[in-house]
Amino acid sequence: MAGNTFGQLFRLVSFGESHGKAIGGVVDGCPAGIELDVEKIQLDLERRKPGQSKIVTQRKEPDTVEIYSGLFEGKTTGTPIGFLIHNTNQKSKDYSHIKDSYRPSHADYVYDKKYGFRDYRGGGRSSARETASRVVAGAIAKQFLKEVKINAYVSQVGELKLDEHYQELDFSLIESNPVRCPHPEMAQHMEEYIKTIKKEGDTIGGVITCVVQNVPVGLGEPVFDKLHAKLGQAMLSINAVKGFEYGSGFNGVTMKGSQHNDTYNPDGSTQTNHSGGVQGGITNGMDIYFNVAFKPVATVLQAYDTINKAGEKVTAQGKGRHDPCVVPRAVPIVEAMAALVLADYSLLVRTNRL
Amino acid sequence: MAGNTFGQLFRLVSFGESHGKAIGGVVDGCPAGIELDVEKIQLDLERRKPGQSKIVTQRKEPDTVEIYSGLFEGKTTGTPIGFLIHNTNQKSKDYSHIKDSYRPSHADYVYDKKYGFRDYRGGGRSSARETASRVVAGAIAKQFLKEVKINAYVSQVGELKLDEHYQELDFSLIESNPVRCPHPEMAQHMEEYIKTIKKEGDTIGGVITCVVQNVPVGLGEPVFDKLHAKLGQAMLSINAVKGFEYGSGFNGVTMKGSQHNDTYNPDGSTQTNHSGGVQGGITNGMDIYFNVAFKPVATVLQAYDTINKAGEKVTAQGKGRHDPCVVPRAVPIVEAMAALVLADYSLLVRTNRL
Amino acid sequence: MAGNTFGQLFRLVSFGESHGKAIGGVVDGCPAGIELDVEKIQLDLERRKPGQSKIVTQRKEPDTVEIYSGLFEGKTTGTPIGFLIHNTNQKSKDYSHIKDSYRPSHADYVYDKKYGFRDYRGGGRSSARETASRVVAGAIAKQFLKEVKINAYVSQVGELKLDEHYQELDFSLIESNPVRCPHPEMAQHMEEYIKTIKKEGDTIGGVITCVVQNVPVGLGEPVFDKLHAKLGQAMLSINAVKGFEYGSGFNGVTMKGSQHNDTYNPDGSTQTNHSGGVQGGITNGMDIYFNVAFKPVATVLQAYDTINKAGEKVTAQGKGRHDPCVVPRAVPIVEAMAALVLADYSLLVRTNRL
Amino acid sequence: MAGNTFGQLFRLVSFGESHGKAIGGVVDGCPAGIELDVEKIQLDLERRKPGQSKIVTQRKEPDTVEIYSGLFEGKTTGTPIGFLIHNTNQKSKDYSHIKDSYRPSHADYVYDKKYGFRDYRGGGRSSARETASRVVAGAIAKQFLKEVKINAYVSQVGELKLDEHYQELDFSLIESNPVRCPHPEMAQHMEEYIKTIKKEGDTIGGVITCVVQNVPVGLGEPVFDKLHAKLGQAMLSINAVKGFEYGSGFNGVTMKGSQHNDTYNPDGSTQTNHSGGVQGGITNGMDIYFNVAFKPVATVLQAYDTINKAGEKVTAQGKGRHDPCVVPRAVPIVEAMAALVLADYSLLVRTNRL
């Protein structure tokens, strides 16, 4: 209820603050019998971790996952999987610039108003550091989903936008560059652009596209828990996300029904896929694809005006080691949240029929 | 779990098929002591109902709500509010064209695959008729929220798009035209365009913008249940919705952090509002605004190719009385879902502090 | 959250007040494909309904269930089953004796304190009339469970207590007498005793024993949702219930481990069954059996002292047509709640393994 | 859903196996602003821990709680409180006697059937070691509840049963003896009896009585989530519990309504308290009191017959360091679960009224 739980049957409870001793989580409802490759979890954490390239934050945190339960002789037991990622980079640094004043477009102000006070160190609970727990859970979910393939990539940074549809791209190139854009030339442009932005002490937004393939027919629940509605919640719950669209998305608005409708082939597949693999909230077996819009990171390394707790105007200076553009590191987070949604519905679908 | 429940503390359970005896719902968790004006509920139902103008479906259904419980001497008692809306327009008509074949981009195929069979009459549970139950619950939520003002309007139909920001519009004009666009001139264009589309037997998509004002600070829960994430789920759960964005949305992607950040005024308000009234998933007291993208309605009154249950190609003819454009009637549905989200978080926020 | 929902995957939401227009409910999560015999539902309602014999309340209510959704061509569709039972016996009678004063050991006082006011007519939401909705949902659950056999019977009324263990009794005799005790001689004593109590204008408590047979191995979830823990909640949620015990129950306290342990047979069955069919919260395939203790009904047809809203002492006179002993009519309610618990866990168990 | 979560608003998620690296949990929904005394948590853990006296298991585990999140400058922040208790006593001992065969009346058999295999070391997830996590969460809940007083004590061991009603006892004597019975003379008898049982290599059951005082009026939700129903689930979810009764309990069955009804005093208190502080599922401000029946521990240090995985009869020898009687160590667990229930309802009650 307090917002730290995601999923109904395959469920993650997340905990931890940016500068506490550790962050962590509990994956509950993971079926028994999965041979869990812990290295794969660690691999996804590496894709998310700070310091991995020059275009991301230069903080150094190893982000090593420790699993405390739910595994026996290499297999999931059906009992909850508790895990920790220790925070190793908690400098006893000077937080005075954020302790008593509110950084614009951060959660500082609203946390203070909501809870009466806040753990201001590095953003506390509102820090995107929390998403490491999601990556762990998502990596477990991926191993449960097995045959389902989830690939996310950066399709836009600022005004630099891929024209290619996902089907024209080679997903094996995603990890070939620090931007995680499967179009090497565009990736190069994006990388340079992010470096320029970084030099300015500024930040820029971006879009991640995610494609889910080999999806069984029938996942998703009618009415409020339509598959794409839960995917939407999942993506919008990631820090800095401002928008979500699937299939034809916002562009579908300008289409006519006669154009937009996806005609069936005899095998139940469709000739076009404006539906984005989901009809009436339920998967039809076609690829699911969706876009997630990220705003520019709020921390800019510039001077800014704001207010303090007393409501007085103050001037502050942005500092720290932050991402000039969040999307390269957010790729595994988008994948993780997609995996969590699909894992949950993969269990729910088992209960639909006599 | 089966997708028919929305909300945690202020909760709607919805039931009913398009051509069953009735649809209905239960609102559970509505606080005691609200003087409930049932006419206001009926008024919102009128805004959603078929046959209200020439640009919507010409079906005639009175859509009268009957409340069975939870009210005593005009006030809510804190116990669940059960209600029905009888289906009065269930013609014993010929469904043979949809009984054995699958309408493209409808839920026919996936329901059959998921459940083994389906109530094919008028789309059954997947029909947008279900949203009438949401309008009832939302109208109750609005009366609980009282001081919070929720206004939705049509901001785009096909390529016809309002340039004006919501602050330049007069919400009192929304109901002055059948399109529900508060810009009379544009409304006129949209209306004519929809009529043209209708004559073609075709359909067209659109966008609804929703603005929530007078929102208290502190609504929304961290991490997975961020206010905008639940709003996103709520909107994406409405039939035909393909996308959701709030605040700067997809446009925010191209902005720099230094531009995008909303500078605080001494009273905690912000000079700009790219955040869309939500920071870190929690309301900051500024207006919440968001866009909801609707695809064109799948039912076109044209001949189309599809497959039947046996996987054989068949040709069918779209018929019935359907909406050429769904957005005019979807305005109260968007408001209802927004109200449900806000009501839920208005209760949750009471539990945050000692 | 507000207490009107039971079950996670197979779920009942109940609504309605004793003297409103109707009570009802929604069964959500019932799997598709069950050929539902509505007469069987009605049959269980008859077993619960007032006026069925001389030892129960003489109110006359037909208690006819009307189903509004979730059924198509005689089968469940996997969508929510909404139903109503109209209240036909709502006399516009004089409630002045309970409107402003609090009946001892009823919920009048606490409802007023909790909600600020209450629907005082016939107890409103706190009336046991609500259990009719449970009987409907339970009768649906029974048809899902099919091979599982649930039999409840009256094993004690006041001091009159059956010595026989359930295995010495013939369940086919349960419905042969108005007490619903499968021991005809004891049933006779109980019936006479209840008549005596009734003449005194008094009431008496009793115990219902319930036996569940043909249960698959593996139902129940570890830790907090142990099968017997949810059965306990289910039973204790029935009006007037004061205690629950399963297997060896309170008597098991005096046994030694060496006596109490159930030795396995080669087929996994056990030689004794002190475990009551549940070990570690999970069914082992043996019979589940448990006892439910009911206090005497609070409404006595005698004069009594109490207080009014102003906290002043008043004298009142019990009146109305109430049950001298609630257990005969509670038998189908106990069965219904057991069926709901088992149906829920029968779905959950499908999600345990890869 | 998988049974490891308890509570709706004040919620514990528990994880960990008896012989894994650690057990732990997450308390989510704890309100912000509580000055949390971690030593008090540790104190309750000491009351539960093995090796504390000669009548409990002689295992040695320090059971030290480590808190990882949700606390800042000594106060709860409103964010989830993640904690671990490391398992320090995991001997690499010989489990061959339980690896391939099933201990009678343990969860070995049902876990294997349910999940396909099990972590057999020390009972794995089904071990009562898990209850240490509950004690931590309960100790946090107690500090939230503050003015509410929860006292549990041993009222019966085998046939040795306290005749005194809780009001005749001095709760300050509970911790004065290893049995945790506030009647020193009876405590002495019980202690000797347990020692005798221990010498026999056998075990014996017992009853814990729990009393909750200074409870506000209005806690508890109608219908399915009645306060006593959730208390019942909470208690029955504790390992080895076979029965629960509150107020008059099973004895109330033999009373007449005219005797059982609790007459109101002008201040809303009642002259008697057969209701056990709960009417219609909602607290009336009187003391809540209830009994919890524990069966004898299944592990006896004797030879026993059982079956192995292949269904073959085998003979085994009970060994290890187990409790001859579980109730002395279960006292803080009962209190913890009561605290969790009350904390949850203390938050829910805030949402009842406009």
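To keep things simple, chains are lettered A, B, C and D as they appear, and every chain counts its residues starting from 1.
The rule is simple: contacts are C-beta pairs under 8 Å (C-beta built on N, C-alpha and C of every residue); 3 or more make two chains touch, one makes a residue touch a chain.
Keep in mind that what you see is a predicted model, and the values were worked out from it rather than measured.
Least step count on the touch graph, subunit A to subunit D: 1.
The set of chains in contact with subunit B as well as subunit D comprises A, C. When the interfaces A-B and B-C are ranked by C-beta pairs in contact, the top one is A-B.
Measuring from the averaged C-alpha position of subunit A to that of subunit B gives a distance of 26 Å.
Rounded to whole angstrom units, the spacing between the C-alpha centres of subunit A and subunit C is 46.
Separation between the centroids of subunit B and subunit C, computed from CA atoms only, is 39 Å.
In subunit C, the positions touching at least two other chains are 1-2, 4-5, 8-9, 14, 29, 32-33, 78-79, 114-116, 125, 222, 351-353. Contacts from subunit D toward subunit A in the complex involve residues 1-2, 4-5, 8-9, 11, 13-17, 20-26, 28-29, 32-33, 66, 68-70, 72, 75, 77-82, 84, 114-119, 124-125. Residues of subunit B that touch subunit A in their complex: 1-6, 8-9, 14, 102, 104-107, 109-111, 113-116, 125-126, 130, 156, 158-159, 197, 200, 202-207, 217-218, 220-226, 228-230, 232-237, 239, 242-250, 252-268, 270, 274-276, 279-284, 291, 293-300, 302, 304-307, 311-313, 348-349, 351-353. The residues of subunit A lying in touch with subunit C in their complex are 1, 9, 29, 31-34, 76, 78-79, 144, 222, 347, 350-354.
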